[in-house]
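Report on the following structure.
Naming follows writing order (A, B, C and D), and every chain is counted from residue 1.
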Amino acid sequence: MEKHHVARIKCSDRKGLIAAIAAVLYRHDLNIVAMKEFVDISSETFFTRLEFAGTMNPEQLTEDLASVLPGDAVVNIIPRRKKKIVIMVTKEYHCLGDLLVRHYFGELHAEILAVIGNHPILEAFTHTFRIPFHHVSHEGRSQGQFEAAMLTILDSYSPDFIILAKFMRILSPSFVSRYPERIINIHHSFLPAFVGASPYKQAFERGVKLIGATAHVVNNDLDEGPIITQKIIPVQHDDDLRDMVEAGHEIEKSVLADALKMILEDRVFVSGNKTIIFS
Amino acid sequence: MEKHHVARIKCSDRKGLIAAIAAVLYRHDLNIVAMKEFVDISSETFFTRLEFAGTMNPEQLTEDLASVLPGDAVVNIIPRRKKKIVIMVTKEYHCLGDLLVRHYFGELHAEILAVIGNHPILEAFTHTFRIPFHHVSHEGRSQGQFEAAMLTILDSYSPDFIILAKFMRILSPSFVSRYPERIINIHHSFLPAFVGASPYKQAFERGVKLIGATAHVVNNDLDEGPIITQKIIPVQHDDDLRDMVEAGHEIEKSVLADALKMILEDRVFVSGNKTIIFS
Amino acid sequence: MEKHHVARIKCSDRKGLIAAIAAVLYRHDLNIVAMKEFVDISSETFFTRLEFAGTMNPEQLTEDLASVLPGDAVVNIIPRRKKKIVIMVTKEYHCLGDLLVRHYFGELHAEILAVIGNHPILEAFTHTFRIPFHHVSHEGRSQGQFEAAMLTILDSYSPDFIILAKFMRILSPSFVSRYPERIINIHHSFLPAFVGASPYKQAFERGVKLIGATAHVVNNDLDEGPIITQKIIPVQHDDDLRDMVEAGHEIEKSVLADALKMILEDRVFVSGNKTIIFS
Amino acid sequence: MEKHHVARIKCSDRKGLIAAIAAVLYRHDLNIVAMKEFVDISSETFFTRLEFAGTMNPEQLTEDLASVLPGDAVVNIIPRRKKKIVIMVTKEYHCLGDLLVRHYFGELHAEILAVIGNHPILEAFTHTFRIPFHHVSHEGRSQGQFEAAMLTILDSYSPDFIILAKFMRILSPSFVSRYPERIINIHHSFLPAFVGASPYKQAFERGVKLIGATAHVVNNDLDEGPIITQKIIPVQHDDDLRDMVEAGHEIEKSVLADALKMILEDRVFVSGNKTIIFS
């Protein structure tokens, strides 16, 4: 599905990094098809993402790249293949539906291994697409028990990414730390406006003229993770709360789709509480 | 400049209001060219704005309309004429420049009577367009003295509206109460995100992917007034703070221009902390 | 689903129309909840759409309204109920999928009676949602035979609207005249740019920086019908044709969803080759 | 004003180009701050733009880069300095006003050397900003005489770029060939829709729901040059032609400003009838 292999490198900045990296790929007889880099001046950190074509030995390439880079370099060589994801939901169908339909027609650029819901309401719909659905209720369980039950299922699938497609429960730091930078959430507001519960209600009451949605990498602080994509849609004085929720669903789907595309193509780096996106 | 007379009516809602209002205009031999209305369900309040053509007697029309409406009705008959405005600035030129250039070519749909600045930096530029500039420094004055000095100048011009085109001082409730719902401000963020000082710096540090600007009616709470228009513009990880400020200037101009158009055409009603805009 | 009854009126313009219409509704003890009107100056035609609440007698109301309006008045009283639609498709799934998923969860604001495809490829997918699918091939049939076969099926469902959700065959004037102003098409370009076949290929070759989609009412001229909604999405030099098609699918879905909302809520008037949309 | 030196390279594609280029900069002790490249697959052409810091010898650097690149390589080393531009206008003020105001406050990132108008109407306004204005009328002159008169003035300024800020006369191929890829035009439609005269009138009559503007590099075919930037703005059925023109002015200014930023920072490559923009 992905057209080329990808190399991702993060290290402290110094002169000559591009020359060194490009020379290694040239020696491996690999053709650089696209290369983007960024230096975060505040932290003096260098980030690059390369797409390249050719027959490669990932271990040797990683080793040869590391040998010409600063000692703190993190090198990831990612052969082209479809990513594996698990989707987590509560009750709302719109983001899940969008992902399942694309997947059904082979255009998601990912393999959906399973859906986990803390409510059973989306089970029949998920089964329609012949995807396993696991109902893990949070009721009658402690947060620890609830998360342990979900992690048992998640771990059994070894997903590359976990997509919170309107999963409306807060996850603990210990849960998040099991899949660092690999859990993606959609929040139904233009962060940092309207964090927390009922953002459309907050937006309606404030009388804003635009509402938004934000896809972000999940970290330990609620709605504070590094932002991947944001979109907005205009609203008017005669849009009531129901109208806003309906309009918001459209951009939630759209924002999640855009963020997933970036994530699945290995274009997103996390740097502190920000993202670098080589789109 | 404006094509028609405007009537604005606000009153408690009841059946038959439109019929009653339209019948009065028909009896006055006035032709309704456009009519928009809205009922705020939560407060059971009816708002309407009509554009109409014909020769009118404003006092008689107001009286006749009031006689068929609930006792709490506020009726405004606004003959077509250019509005008069005073602009208040601090140091930034971009919003002021946009307004002065339009005004110079007769396309602002308002008459700029004067510019008041708490810094002298924009004086020469304003004079270039043959508009009076009043420098009223806040330095060495109490807030009360500062505002009194500005009000003396403002009152002498009897403006319809006061435009804060990047005026960077907070105004007191007593100042605002002299021009209720007639002071328009541009805030350089997507409210309610990033209230207060240095919103672009806040946005840069948070790592948002969109930045915004908001034009609002000024009330007694900083950056909390009823919102008129909002716009956003995408930013990326390689936009530094200076890039964000520059990009933001474009939407600040654009948001202020859009809000002014609505205000100058009498399209904006304030209802609590929201606006109703008959665009 | 729809909150109120709707009245739609089109007639030649004259003074006092709003007063006359509103008076009739008042006499019927009906409360006007929203009213929008527009006068097309070039044709001196008056259009209005009212939402109203109360118990009504549609025939009497129509008659009473007609009696106070010009002789050419067209009055439509539309009781609140879900509209019935039939969807026509060829091979592409994205618009159909979006509609079927919303319908499954009861949020389409319409009842999908059936799907007709000139290819069988979307049959299994449609059946998944328990909606009838009719395969009517154009192969081995004349255009007349092909359309007759489709009309037999369509007529049996008596749909309010026919949605061409990426139906890639041209329909003849005689077909269109059976459902005047009731067939909605999505064209995958920003009309009038790139009419006809392969608009994304045309856009790619021209090197545009935005691509678009257009929903329009179908009339007798290919891609020339009155436009309902249009949206665009930015593209860049490194987007190849496949990227453009993928990005385009997103706005096609979005444009069709927006247009359908306007159509299903009776907000769209056709006036010559334009639309008037009381949104 | 520009932060770094820029290198632009265009050549036929082959393996190892990035490595070769980066190695040359490393040997010159120059630090690559940003690097973007693109391979046009259809023509097998490689494009790159590098920003770099350090003390450089432009001639030696050009020579050393050329020595490691294919024989068809075009290498441009551009030291950081403000570009020089001449603006050409007819009667409309909005784009010119925007550029003059930015220039006045030192934020245009270019030096405006002069304004040439084929009408005298903007002369006083231009002089207000202490910029020379040359009136070159097309009346009573052949196209050849008209262009010769303008070229005499243009050549005397040796501008880097010529900006057609609503210059409403067609330029001949021989004029354009004197400043190849250095003349930038703003067209007041979303190209390729509505080429030629009166695009807003065409848009109004077609009943589109979005209007647009396009900045492009001028070549020999009217409105057919490589597109740099495009923007759109929504319009509604009650926007008459004057409203559309006014709304359009806003995006014309905005599109031209965005295009100029890309041009002045040397981010635009022309490739056939397309642009590659390293934004």
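The rule is short, and it goes like this: a contact is a pair of C-beta atoms (placed from the backbone, for glycine too) under 8 Å apart; a residue touches a chain by one contact, two chains touch by 3 or more.
Being a predicted model, the structure only gives us computed values, none of them experimental.
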(message) What are the mutual neighbours of chain B and chain C in this structure?
(response) A, D
(request) Sort out for me whether A-C or C-D is joined by the greater number of C-beta contact pairs. (result) C-D
(message) Using C-alpha centres only, name the chain that sits farthest from chain B.
(response) A
(request) Could you put a whole-Å number on the gap between the CA centroids of chain A and chain C? (result) 36
(request) Averaged over CA atoms, how far is the centre of chain C from the centre of chain D? Could you give it in whole Å? (result) 41
(message) Touching at least two other chains at once: which residues of chain A meet that condition?
(response) 34, 38, 238
(message) For a test of understanding, state which residues of chain B touch chain C in their complex under the given definition.
(response) 15-19, 22-23, 25-26, 29, 31-39
(request) Under the touch definition given earlier, write down the residues of chain B that touch chain A in their complex. (result) 38, 41, 190-194, 206-210, 212, 226-232, 236-238, 240, 271-277
(message) With touch defined as at the start, can you tell me which chain B residues reach chain D in the complex?
(response) 34, 93-94, 97-98, 101, 104-105, 107, 125, 128-129, 238, 246, 250, 254, 257
